[in-house]
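Structure record follows, encoded as structure tokens.
Order as written gives the chain letters A, B, C, D, E and F; numbering starts at 1 within each chain.
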Amino acid sequence: MCLGIPGRIVAITDEARQMAMADVSGVRREVSVACVVDGPLDALVGEWVLIHVGFAMSRINEDEAARTLDALRELGEAQEALDAMAEGAKSLEGMS
Amino acid sequence: MCLGIPGRIVAITDEARQMAMADVSGVRREVSVACVVDGPLDALVGEWVLIHVGFAMSRINEDEAARTLDALRELGEAQEALDAMAEGAKSLEGMS
Amino acid sequence: MRYVEEFRDPKAARALIARIAEVADAIGATKDEPVRIMEICGGHTHAIFRYGLDKLVHEGIEFIHGPGCPVCVLPMARVDECVEIAERPGVIFTTFGDAMRVPGTKGSLMQAKARGADVRMVYSPLDALELARRNPDREVVFFGLGFETTTPSTALTLLQAAREQIPNFSIFCNHITVPPPLKALLDDPWMMLDGFVGPGHVSMVIGVHAYDFIAADYGKPIVVAGFEPLDLLQSVLMVLEQIRYGRAEVENQYARVVPEHGNPISLKAIDEVYEPRPSFEWRGLGEIDASGLRIRPAFAAWDAEEKFGIGYAAGPRHVAEPEGCACGQVMTGRIKPTACPRFGAGCSPETPLGALMVSSEGACAAYWQYGGARVAAE
Amino acid sequence: MRYVEEFRDPKAARALIARIAEVADAIGATKDEPVRIMEICGGHTHAIFRYGLDKLVHEGIEFIHGPGCPVCVLPMARVDECVEIAERPGVIFTTFGDAMRVPGTKGSLMQAKARGADVRMVYSPLDALELARRNPDREVVFFGLGFETTTPSTALTLLQAAREQIPNFSIFCNHITVPPPLKALLDDPWMMLDGFVGPGHVSMVIGVHAYDFIAADYGKPIVVAGFEPLDLLQSVLMVLEQIRYGRAEVENQYARVVPEHGNPISLKAIDEVYEPRPSFEWRGLGEIDASGLRIRPAFAAWDAEEKFGIGYAAGPRHVAEPEGCACGQVMTGRIKPTACPRFGAGCSPETPLGALMVSSEGACAAYWQYGGARVAAE
Amino acid sequence: MKDGLRPARTLRDERVTLAHGGGGRAMRDLVESVFTAAFEPPGMEDQARLTSAALAEPGARLAFTTDSFVVTPVEFPGGDIGKLAVCGTVNDLAVGGARPLWLSAAFIIEEGCEVALLRRIAATMRAEADRAGVRIVTGDTKVVQRGAADRVYVTTSGVGVIPPGREMAAGNVRPGDVALVNGVLGDHGAAILAARGDLALSTDLQSDCASLDRLIEATLAAAPGLRCARDATRGGIASALNEIAEASALSIELDETALPLRPEVKGMCEILGLDPLYLANEGTLVAFVPEDQADAALAAMRALPEGAGAVAIGRAQAGEPGRVTMRTAFGGRRIVDMLVGEQLPRIC
Amino acid sequence: MKDGLRPARTLRDERVTLAHGGGGRAMRDLVESVFTAAFEPPGMEDQARLTSAALAEPGARLAFTTDSFVVTPVEFPGGDIGKLAVCGTVNDLAVGGARPLWLSAAFIIEEGCEVALLRRIAATMRAEADRAGVRIVTGDTKVVQRGAADRVYVTTSGVGVIPPGREMAAGNVRPGDVALVNGVLGDHGAAILAARGDLALSTDLQSDCASLDRLIEATLAAAPGLRCARDATRGGIASALNEIAEASALSIELDETALPLRPEVKGMCEILGLDPLYLANEGTLVAFVPEDQADAALAAMRALPEGAGAVAIGRAQAGEPGRVTMRTAFGGRRIVDMLVGEQLPRIC
């Protein structure tokens, strides 16, 4: 439900209507930033937001994203170590 | 100007609106007979009228038509006689 | 085809042609000094070329092609107004096919249609009214065009709309009348006509006495004629006979269709719906007094000029005719189409400059299409 | 793609899958006695199949596909009302693409379009409003559909229409809310769920505390999750960890997007424009109290139900679901799509019987398209 | 299905939706259930693969032609758009002396078009193809938005083989050659005008739509000197004759009294101010033959139903290159020019 | 004119009117000034008359195909409908192993269409035909009422020759064969979606529209075992692969990590909830080669600009006949079915 996609605000296009241009991997679309303003509109330029049906619905919290990613990365590295051990064990098996 | 074509009324299609079906060499079209009524509509069935832009504009006077045609026919016959004489004269010429 | 094919009989045609030649010789008509007969009506012009009558009759007979084509005399300003109405949102503009190609300064109705206007050809004003009934959310405008022959049909259609109180139907009235321009032509000191072939279908409505002034006041013969080739030839013969014997009368060759006093129902409908305009512009002829009709104020609700504030309702407007176009001179019989400097040199049916090249009734188009100018003389 | 591709990293996925297996084993989950986790949201269902997560995780984890697809739960009567509005003359009916193929008793919107209705797909309600600005002579209706994620966008669009006083725009409101059906599910004595993966984009608007009752009142763990595969796997792991340690909490895996208390501007807009309906019908679930929103009377001018006297404004209407359709049972997790007697036997994406086969979010369509039922187990 | 196999192709929809143009299963259902079911093309690759002994003959040439068909209404007295599409392309091959072999058929379908209509059209196409001995071997379908077509348009292309030594061309006409037509003129155009309904005219006229390949082979057999033939479609007999006059740098004189016209066609033309010489035909051709083979050609034509009304209507002459004229019933002569735009019904 | 000769063909109109479809002089002006001026077909008969030594070779077969093109907008980044119409038909010949020779081109033009647009389309068609070494030899134009088309539709048919002994067909694929594509996927579909404007998305994407005849010849030269090729047009690569799987009664497994996709295409698909496997391509094909010829085939493709991005994306396998699956990035496996209808942008 509710397809949402991260995009970056690259310009304010209509101050009065609170519209801005967002970029998603090189695809641009004008979106409403009414839900994510909390100060001067210009401050949004460069920010990452979550876009749904033409509205920026939420600002992406970079710290939280980093936190989640770090945890995942650690897990991944641990897995890599495990994989390497398993591989080692397997090749040892192969030798026997 | 004002293309007009003789057609024959074959049926009354709408008494109230004074509409009738006309036939022109097997082509049928509904026409207004408002301009040619002078009694009960049914009396028009079988009559020849002159049709212009979907209206019967005039009833065709068969007597007058016959009169004109008779005159033309006489002329034509006289011409035929003349032609025959000319032909005769020509073949005589040919013989000479 | 009854009442049609009998009047195309070649034998009788040959006889008429022979008799015409006889009379032409008798009155001394020659190629250089021809008897000049104006067929007023474009329908007659068309028939003359379609059957090649101009080439078949004695060379001392010259046909002068008159102004009797409602499409040909339509001024550019009126075409522009048609386009303006047609391009309004919500309008369905209905017209006879004839008017589709006439050029205005904004192009023709056909070009307006290509640009997006909803222009539809109809066969009858009744079909336009039916469109209005079926499209209550659209404004249906009918382009009322034509002489007295056509006027009753739009009058009766308007009366029907009024009876049914159909609010989304109106007529853009451009109806004109035949006698005024004839009077203007006859008043022209430059004019040299010897007689007239009168438009039979106009007289079917208005009768033959509308032309009394031609005989009585100007001393010219006029024969009201039908449209088949024998009708035309017979009428020419009747004109020549009048000339031969010094008569100037209104005669009725087309009595099978034309009652002496016209059609009273049609006349009443015209009178009920329309009134004369003070003057009306004719392409090539200029403004002519009392030569056009407008819808009476009582029917303003069905008058497109009033509804859209356009045309004479918005004050007269004149648009210059295209440069070099000699339509006016051709229409008044001063020159033949081929004498127009633009004939075939910029003006052809593909790229018409004047209306005379557009309408298949127009003398220029007739000359072009049927080779009046192009078939080698036999 | 930033914030997307990082969360699709296969290495981390393998680690998560391994950890999930560990925990699953630890809590004794087996194929026959699985841990049953409902992903509420259709977007999660879609992602599970798109990435094959159901096959990758431990066999003791069973995904139960919840009712969180606004298209799937749309009752036939509402689809019929869409078609009725769309078929009114002058209407431009705008909708998200998802809703085009949902069958009602009069066919789908796509079929209505083929019959002549002017139905247009838009990406955003703002695009529908723009259509209204550009077509002042047409009635533009937007089919407002979706959970709390989408509701603010239609609320803000309606407020914009009201600010500009655009008279020819209205919203056919079918917005629904997530918590009520969850409560209904949890109240069902037949239900046997061990935990929930919560819809992240809903919580982005309403925050995480809307689910407190799940943990507090029903003792079930719930993790609000993002939509990338790592998000889902991590969330499953978090649910399992709660189960392992006997916790029942609301956790937020998707903190990069979901603020604890949601989005105040969105919540304010929803509250300004909408009010709860006493009850609303869900396909397969029946009427659920206070589960739907309607437009407040102050904005009746932009309420399509009021404008067209249709829908709840005209009194509720029920239309029987197609015979044999087990959508309700699938949506409540009682059976898998493949257990529906019509699955593949009369019901397929080509000829869908229920909405679950139409929407690409629907569990039946997902099973079909991604082969949940058809790919041989590895 | 439960076993993972594809469902049999069925098409339950009554109307075409955009889904049927999407390149997916719905499209396949439409194509297979409506078109390939009727045409039975040889294989389902993106292109038909064909062999013909006639083509391999030394001196044989390949003939290739295409036409789009956009007639309104799609079904009319005497045929439908599918019959037109087959006959028209068969005829465009045949008038060049080619033996028609294969057709392609591409359909542009308006969203909302009735599937039953498409089935009827496909059936008439197959029937007409069988009659003409050609196969519809490849095709395409596209679906466009409602309002972006008028129910359905059909484009056919045709491939045929011109036997060695056969050379029919408009440029071959010689002075004195006789112009023949195989039957009455203008039936198609008049029937369509009436069928369209907007002029509210009704007639019993039928389109003359017919394949003429057999007629041409028969005429060639009887009159091997056959110079050229043209099917007198859009623009009517007048346009076909003007093209021939131009290509041969000759003039052509028609005899008005010889033109075969039905009373209804004459009537329609009188009512609307049209000229039957410009009305479209779809099963009528004009052929030029040397004077001494004219009677044989006419006899051969008249032996076939599609040539039963064959007559000579005029002849080619030296001089006035490119001009077509008509000798009128009482001896006048007028130019029969090409049409400028299209004929419009007129009141005056 | 005064001398009775026809005026030189000129077309002054800026827009097409119904007059240009009437079969008369206005139509000839349009055809001659716009289309034959660009295409320079060999002669003006109703059918092209053609000879080819390649066709006469024993064992050679004729290939024949047709497609209608109805794209909106008619001009788009990377091409126009004319380029599509030439490339599409050239490709449908080439993917069957045929050498394209001749094209026909039939135009259905909406009243009001700009003549300048038609000139641009004709010019790109000629340019693309020259590039592909084919000639546009015959054609047709029809004009329909405003609202009965969307500016212009083009139907092309193509005739080519399949050299003796060459046999490419979907049914030839064997287990173990490698699936190659010549470049990125979905560019055309995504570019058109953006160019249409109604979703208000803008990108720098260009259609991949290109003729692939040269690429196929080069691939065949390097990898003579080339089993088959399909251009992955409507329905995308997924549909092409499903057709091949079905025709060969094999299964095909794709490797998700190998699929070449531009970021913008991914972005558009994420925004709209679309799957790039179903997006249309107009210059992208999938080819199957024996495993031991895969590298040679890839090298040959990569040597050409239209194959610069060539990669292997999967392989054919025995079992599960007709099924296409994809191994996802982290080892999942899912079915890649045919599309049902068309892909609709979705919110959820």
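Here, a contact is a pair of C-beta atoms (placed from the backbone, for glycine too) under 8 Å apart; a residue touches a chain by one contact, two chains touch by 3 or more.
A quick note: this is a predicted structure, and the numbers were derived from the prediction, not measured.
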Neighbouring chains shared between subunit A and subunit C, ordered by label: D, F
C-D or C-E, whichever has more C-beta pairs in contact: C-E
Label of the chain whose CA centroid is most distant from the centroid of subunit F: B
Euclidean distance of C-alpha centroids - subunit C vs subunit F, Å: 55
Euclidean distance of C-alpha centroids - subunit B vs subunit E, Å: 37
Inter-centroid spacing, subunit F versus subunit B (mean Cα positions, whole Å): 62
Set of subunit C residues in contact with two or more other chains: 1, 4, 14, 42-43, 69-70, 96, 101, 110, 123-124, 127, 146, 150, 349-350, 361, 374
Per-residue multi-chain contacts in subunit E, two or more chains: 4, 17-19, 25-26, 199-201, 263, 266-267, 270-271, 273, 320, 323, 340-341, 346-348
Contacts with 2+ other chains: residues of subunit A: 1-3, 5, 24-25, 29, 52-53
Pairs of chains, among all present, that meet the touch criterion: A-D, A-F, B-C, B-E, C-D, C-E, C-F, D-E, D-F, E-F
Contact set on subunit B toward subunit E in their complex: 1-3, 5, 24-30, 51-53
Subunit D - residues contacting subunit C, complex: 89-90, 137
Partner subunit E, residues of subunit F touching it in the complex: 4-6, 17-28, 44-52, 55-56, 58, 61-70, 92-93, 95-96, 98, 102, 104-108, 137-142, 144-145, 147-150, 153, 155, 157-160, 162, 169-170, 230-231, 233-236, 239, 246-247, 278, 280, 320, 322-323, 338-343
Residue numbers on subunit F that touch subunit C, as the complex places them: 1-2, 4, 7, 12-13, 15-19, 25-26, 29, 111-112, 146
Residues of subunit D touching subunit E in the complex: 101, 110-111, 113-116, 338, 343-345, 348-351, 373-374
